[in-house]
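Pasting a structure here, questions to come.
Note that the chains take the letters A, B, C, D, E and F in the order they are written out, and that residue 1 is the start of every chain.
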Amino acid sequence: MRTRQAPQAEAVDWNGPGSSRIPAAVYVDPAIYARELERIFYGAHWNYVGLEAEVPTTGSFKRTTIGERSVIMVRNRDGNINVLENRCAHRGLRFCQERVGKVRTLVCPYHQWNYNLDGKLIAVPFRLGVKGQGGMPADFSLADRRLNPLKVASRGGVVFASFDHDVEPLDQYIGAEVLTYFDRTFNGRPLVVQGYSRQRIRGNWKLMMENIKDPYHPGLLHTWFVTFGLWRADNQSQLIMDSHGRHACMISRRNEVVDEDVANAASSYRANMKLHDPRMLDVVHEPWWGAPTVCMTTVFPNVIFQQQVNSLSTRQIIPQGPDQFDFVWTHFGFEEDSAEMSARRLQQANLFGPAGFVSADDGEVIEYCQDGLRQSEDFATLCELGGTAIGNTDHMVTETLIRGMYRYWRKVMEQ
Amino acid sequence: MNAEIELRLNVADLYASYSACLDAGRFDDWPEFFTEDCRYRVVSRENHDRNLPLGTMDLQSRGALLDRVYAVQSTLFHAPYYQRHIIGPARILSREGETILAEANYLVIRTKRDQPSEVFNAGRYLDRIVAVQQGLRFVDKLCIFDSELIPNSIIYPL
Amino acid sequence: MRTRQAPQAEAVDWNGPGSSRIPAAVYVDPAIYARELERIFYGAHWNYVGLEAEVPTTGSFKRTTIGERSVIMVRNRDGNINVLENRCAHRGLRFCQERVGKVRTLVCPYHQWNYNLDGKLIAVPFRLGVKGQGGMPADFSLADRRLNPLKVASRGGVVFASFDHDVEPLDQYIGAEVLTYFDRTFNGRPLVVQGYSRQRIRGNWKLMMENIKDPYHPGLLHTWFVTFGLWRADNQSQLIMDSHGRHACMISRRNEVVDEDVANAASSYRANMKLHDPRMLDVVHEPWWGAPTVCMTTVFPNVIFQQQVNSLSTRQIIPQGPDQFDFVWTHFGFEEDSAEMSARRLQQANLFGPAGFVSADDGEVIEYCQDGLRQSEDFATLCELGGTAIGNTDHMVTETLIRGMYRYWRKVMEQ
Amino acid sequence: MNAEIELRLNVADLYASYSACLDAGRFDDWPEFFTEDCRYRVVSRENHDRNLPLGTMDLQSRGALLDRVYAVQSTLFHAPYYQRHIIGPARILSREGETILAEANYLVIRTKRDQPSEVFNAGRYLDRIVAVQQGLRFVDKLCIFDSELIPNSIIYPL
Amino acid sequence: MNAEIELRLNVADLYASYSACLDAGRFDDWPEFFTEDCRYRVVSRENHDRNLPLGTMDLQSRGALLDRVYAVQSTLFHAPYYQRHIIGPARILSREGETILAEANYLVIRTKRDQPSEVFNAGRYLDRIVAVQQGLRFVDKLCIFDSELIPNSIIYPL
Amino acid sequence: MRTRQAPQAEAVDWNGPGSSRIPAAVYVDPAIYARELERIFYGAHWNYVGLEAEVPTTGSFKRTTIGERSVIMVRNRDGNINVLENRCAHRGLRFCQERVGKVRTLVCPYHQWNYNLDGKLIAVPFRLGVKGQGGMPADFSLADRRLNPLKVASRGGVVFASFDHDVEPLDQYIGAEVLTYFDRTFNGRPLVVQGYSRQRIRGNWKLMMENIKDPYHPGLLHTWFVTFGLWRADNQSQLIMDSHGRHACMISRRNEVVDEDVANAASSYRANMKLHDPRMLDVVHEPWWGAPTVCMTTVFPNVIFQQQVNSLSTRQIIPQGPDQFDFVWTHFGFEEDSAEMSARRLQQANLFGPAGFVSADDGEVIEYCQDGLRQSEDFATLCELGGTAIGNTDHMVTETLIRGMYRYWRKVMEQ
């Protein structure tokens, strides 16, 4: 953040206690954004940092970002995973530049201060001076400075971290309802990374969370979903939240038969559409799914877990100011996957990511939302599909998950 | 000898026609540059260098290319933009019987309405090409892009 | 605008009530700019949006921008022209992306909310829910939300709009003096668009208004004008303003004979200059001109109407922050033009636009003005050619029109 | 046969020489690339695609090119800048007797004093070329630029 | 005749191979493109046009190139980045016996980790080339860059 | 600067009176930066503008920048050097666009106001009107407006300027201690410019000053220095400051023999390294050096004078906001140099500049410092090598020069 301390954000006018009409300022105001960094990304919340599989052995590291702060996820000598802020304790260098690698210690290039894999300072060149001259003062101890360590929690191979060491335990943070679906995918099976996609989207970071908490749009914006019944307003489905309403799952099941009314409602429906190469939708039901064929899980504030038929990914949100964010996709499978299943996941990955048949347009609409919200401060959105109440449902014709997130946001932000 | 020289010129022409087709938005003609059993892959240099199999696009037949064209034209909502390919000198790397392995660097400039032109995507084509009656066709087209951050989305083929 | 509400701009020091010495802050201060958007572009002023000829039939639309807000000019079923803010009433999407087109209704892609050509909301998918579940609340009525409509006025085929529905009538706004010259060009003859030019200029938007209210520079900066007598300090001419001094016309007549003193005064004068291809200046006097061969009309805040011999254009100003603006040229002719005259207008268009022999350098000097004004806040310009008074003149050796604009600006801005 | 091949190479050389001339600021030599009765037009893709006749520059004889050069060098006040043309592979589209119809994509990078190099203008050349004694000359040169927003002004030819 | 034509194509190939080598980060192979007694200079257009002798890099033998490679790989601390050269059509300016004088415009796009691709350096190669047994080699390679402001540092060769 | 007046920068928390722990805000806060421009670059300090050799004769000029204000260094008819702000007194144009040149007068293109080489306004076109109409008011005198002149001082061929005419004399400003070393290079011998390098570095401008006041890093970051003994922690050396601690010299002497301990301390040491082309280090001792082989002089706020064996340069800092600056290298030699020595200086220039073997990495680390310092405002650096005291030393194992600069900075900035 570039501002001195979270500036006093002027109170935004919500017209009452509700969270169904979100004022434009919530998406554009730099002061609000600065407070979001302080209270949400650097506060008592768990942020996704990566998968254990990305740092397989001692010294393996992955550099990533929480809010706007660079951090290093590294496996230490005991095989535990540390998350350390990427900033030298001497003169503040963001010293780690490579994205992944393997190291014995962490060395800052400027003056070669040396840290072990737990972030402890272990060596300072010329600390005792040279020929009895100079060096660090007598009262200096290596214990005085270190890399800023984050609190770390890992579950089912997924690693989270928090700048606030007083954050509640991860399972409690996610909450039992959502945890059930988190565990459905991440039940301890070894994971295999299939690759990454990286986008920079010119919109406020919350718009991406809204997008994945919005079961209203897929059947309308994403023609593919409609036409192939992967997602339709009439699909059997469930929306669940944690008790705060900050996290959520959208769970549904595929349906080959198209409901007339729904098809008609969606002008995007193409009855006659056929794939020339059907392999992209060669879906095979996996036992661990159970009934649902899709489960989109949002864990506030910075990650989405995708299971869309056979395609699996984590999607990480890295805010870059109030009006843009980076969106990092990590596609994965399981060690237990057959070659056919691995290939299938890759085939279906054509639906997702920056060029995906059913996700490229999400990035586009988010950009136009930001453009529209920027136009004037007197505007507020209307998220009242399904009313103004907040609660789990067994249908998808509601914006309740969005209302839930903003109810929590108002509490944390005191806005 | 002349044949050899002509081939080198024809490969250059192939890249010129290919980019002209895409930059004019003639997407219906795009699959014509490929063989029936072609493969078209767009992959980040990161994934490529680390041998990670994920592609940004991974189309495994000309049929899949037609499906992409349909999506671009009918189902993928997006803000219209212009593409402009600037392709460097192509180079024939090797020959395996009828098949030519060729590579060329490319840069795509994107222009959205009311916006300045911007660097959109830069990388390298690594292609397997065959000569058919109507001319040269791609059996395999691999677009390995350096660009770490895709500016929102890639709608049109590269 | 990115700020919450027009921030309290600190008063700028004008050293008294005059408007002949403009403080640098007026061009660079973000807070002043934010207030300009609120009070000038979004306030009780008429903004140019386009020509009726650009939306010939029902459903024809053109997307453009007023201040920083995107708007859609569209012809409705009654053949009337509406101007609607380009922002969906649901979640704020700036949904219209194409610049021109023809539609039956306006549909937002995200959830397919559907608006008619008057901006009325006519359909909301799944409004009544699906299988009795979800949907919009009982008390929701389509009448509750709509696209934000602007007030529209059209005269002589030129369309203006205002965000403030209490704005005075257009003719009164432009004022009788200027209206005479507006009507001289736009007397109801059908117009034909010959094409567009678009520039982004790194300078404050007012610098462009100053440029076209400044009869002092053409004879000095634009060698072409001097040399070919299209514009010279000694040309017979008139400067007129509306009663507020916000709008103006610079009217002059061409003069083949060069006045010695003037030629000498202008070091840019090239006596020996000859065109290798004289067609670019094959001027033919058009009856409707009357005596004047040139009339440059500025209608505050966002448009310039150009008649320079046979070349006609509207020039629209779209501010982009305090230090840059987009400048959109619409060159036009008349349906009644002969083929020769159309070709002539196009030939003479070489003088104008981003590469124009007598206008490319206007963009350049505006950029350097902004650079100089940014250097320090203690600087003020000196616009006292012709003294400090404000009034119409029958000569061009004065900066009175600039003083007039800033007198009005100070009133509106309370600065 | 050889003649054919050589022609293709000479067309490539023509574009190379053309950009070298402009990028070196040798504007006096620029008209030499054109025939006496040439036409040089710079037009936005928007106007071109919508069949709107307005050009950003529309010079209808070599004389008019000389007039432009004079303006660039003597009358058009502007901040000095460097141009750098990067031209993609040129392609011969057709032949009408002596006249070659050719096209090539181009990108112009602008560098102003003390400023970073930036994308200035990107588009396509669509040219009619004839061979004269001294070599190839443009009869018709059309620069159709994608770039929606011209960054202030275009002073030098593209 | 054919030899002549082939030479022109080989020069184009030389530039293609040269950029492929650098863009792939195969710096160990880079000196192979030069003769033993070569000179490699990177100089700003400002210095070049004003006849100021300072170069940004001025390596006066293949040994000096090896020293640069060593620095790039072992001693020069820097953030890793990708280079992508887009080279325009090369042109043979003259021949002096065995030596070819050639030039080509170039654009280098830089991509740093987690950053958008950006215009890094644009300019002109002005090269003296000789044919040796293994192919064409640079005796003299001059990179004259327009880019007024180097975005921080130039680590890899251009 | 873009802000109205230097905004009230909130006090930064330094935890006491010291200057050894620099708070992150000092590098990132826009309000602090705005005050730096006012008090440091535009205040009572001398800024480097260039070398007399760059403007050899009457009318020769060089355009450059102090802080963010463009200035023109020009030699007048008396052969004296003026430094004038590059901003027209009429409407503020930054009229001089070329970097160097030769002129008879300074003319602004917009309306051809004409200034002599002392910045005096000598001609205003149509000042007396045309045919008795318009023109400047009767009370207008050419003496009323002029180009803003800076105070100028030149020593040994090096030109400095200040916006504050009450600045202390240059020799007093630099101070006797540093002056000795300044004069060592600039003893009046005619200088010859060998060329320029220009970088834009994404870091706060002070980080570059720190870098050249930091004898701790060269032996660790710059492998070349270590390996060839050009710079090592054990080299005989001296650090000296002016009485304020704002300027400094790092003086050292080359040493072929590598001290074991030091070599071991520096992991960057390469014992086996050999140059394939040794000419780059063909050092020849010049008589005027005396014992030292290197002397790096920092004159606050905007220049570094480099003598590194046979390579000589001035390095100018031009801030561009709090988080980036331009860095302009002027390499030079002496008229008295033999051809061999000129060639040698150019060869050794391979070590310096944007691609230099021992300076390209300085730009890199400065960028990462800024990145790290931006991460959170609660961070402070630790510059306590050699303790917290500030004073000259005869060794290099100390950060005393950095502490000295910030002690002065706190005083001037009242922070």
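One rule holds in what follows: a residue touches a chain if its C-beta (ideal position, glycine included) is under 8 Å from a C-beta of that chain, and two chains touch if they have at least 3 such contacts.
Just so you know, these numbers come straight off a predicted model, no measurement behind them.
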### Summary
Neighbours of subunit B that also touch subunit A are C, E
### Task
With over half of the numbers shared counting as same, classify the subunit B/subunit E interface as same or different.
different
### Task
Have a look at D-E versus D-F and report the one with more C-beta pairs in contact.
D-E
### Task
Tell me which chain's centre, taken as the mean of its C-alpha atoms, is farthest from subunit D.
A
### Distance from subunit F to subunit B - Cα centre to Cα centre, in angstrom
48
### Message
Suppose each chain is reduced to the average of its Cα coordinates; what separation in Å results between subunit B and subunit D?
### Response
26
### CA centroid of subunit E to CA centroid of subunit F, Å
31
### Message
Taking the mean of the C-alpha atoms as each chain's centre, how many Å separate subunit A from subunit E?
### Response
42
#### Entry: Set of subunit F residues in contact with two or more other chains
97, 99, 109, 198, 200, 221, 268, 326, 361, 365, 368
### Task
Note the residues in subunit B that touch 2 or more other chains, in rising order.
2, 5, 9, 77, 79, 86-87, 89-90, 107, 113-114, 116, 119, 148-149, 151
### Task
Please give all chain pairs that are in touch with each other.
A-B, A-C, A-E, A-F, B-C, B-D, B-E, C-D, C-F, D-E, D-F, E-F
### Query
In their complex, what parts of subunit F are in touch with subunit C?
1-5, 42, 68-70, 85-95, 97, 107, 109-112, 125-126, 129-131, 133-137, 140, 145
### Message
Give the list of subunit F residues in touch with subunit E in this complex.
### Response
99, 193-202, 221-224, 227, 268, 270, 273, 275-277, 279-280, 326, 331, 342, 346-347, 349-350, 353-355, 357, 360-361, 363-365, 367-368
### Query
Across the complex, what residues on subunit B touch subunit C?
77, 79-80, 113-114, 116
#### Entry: List of subunit C residues in touch with subunit F within their complex
10, 12, 24-25, 28-31, 210, 216-217, 220-221, 233-234, 261-262, 265-268, 322-323, 361, 365, 368-369, 371-377, 379, 381-388, 393-398
### Query
What part of subunit B is in contact with subunit D in the complex they form?
2, 5-6, 9, 12-13, 15-17, 19-20, 23, 82, 84-87, 89-90, 107, 109, 111-119
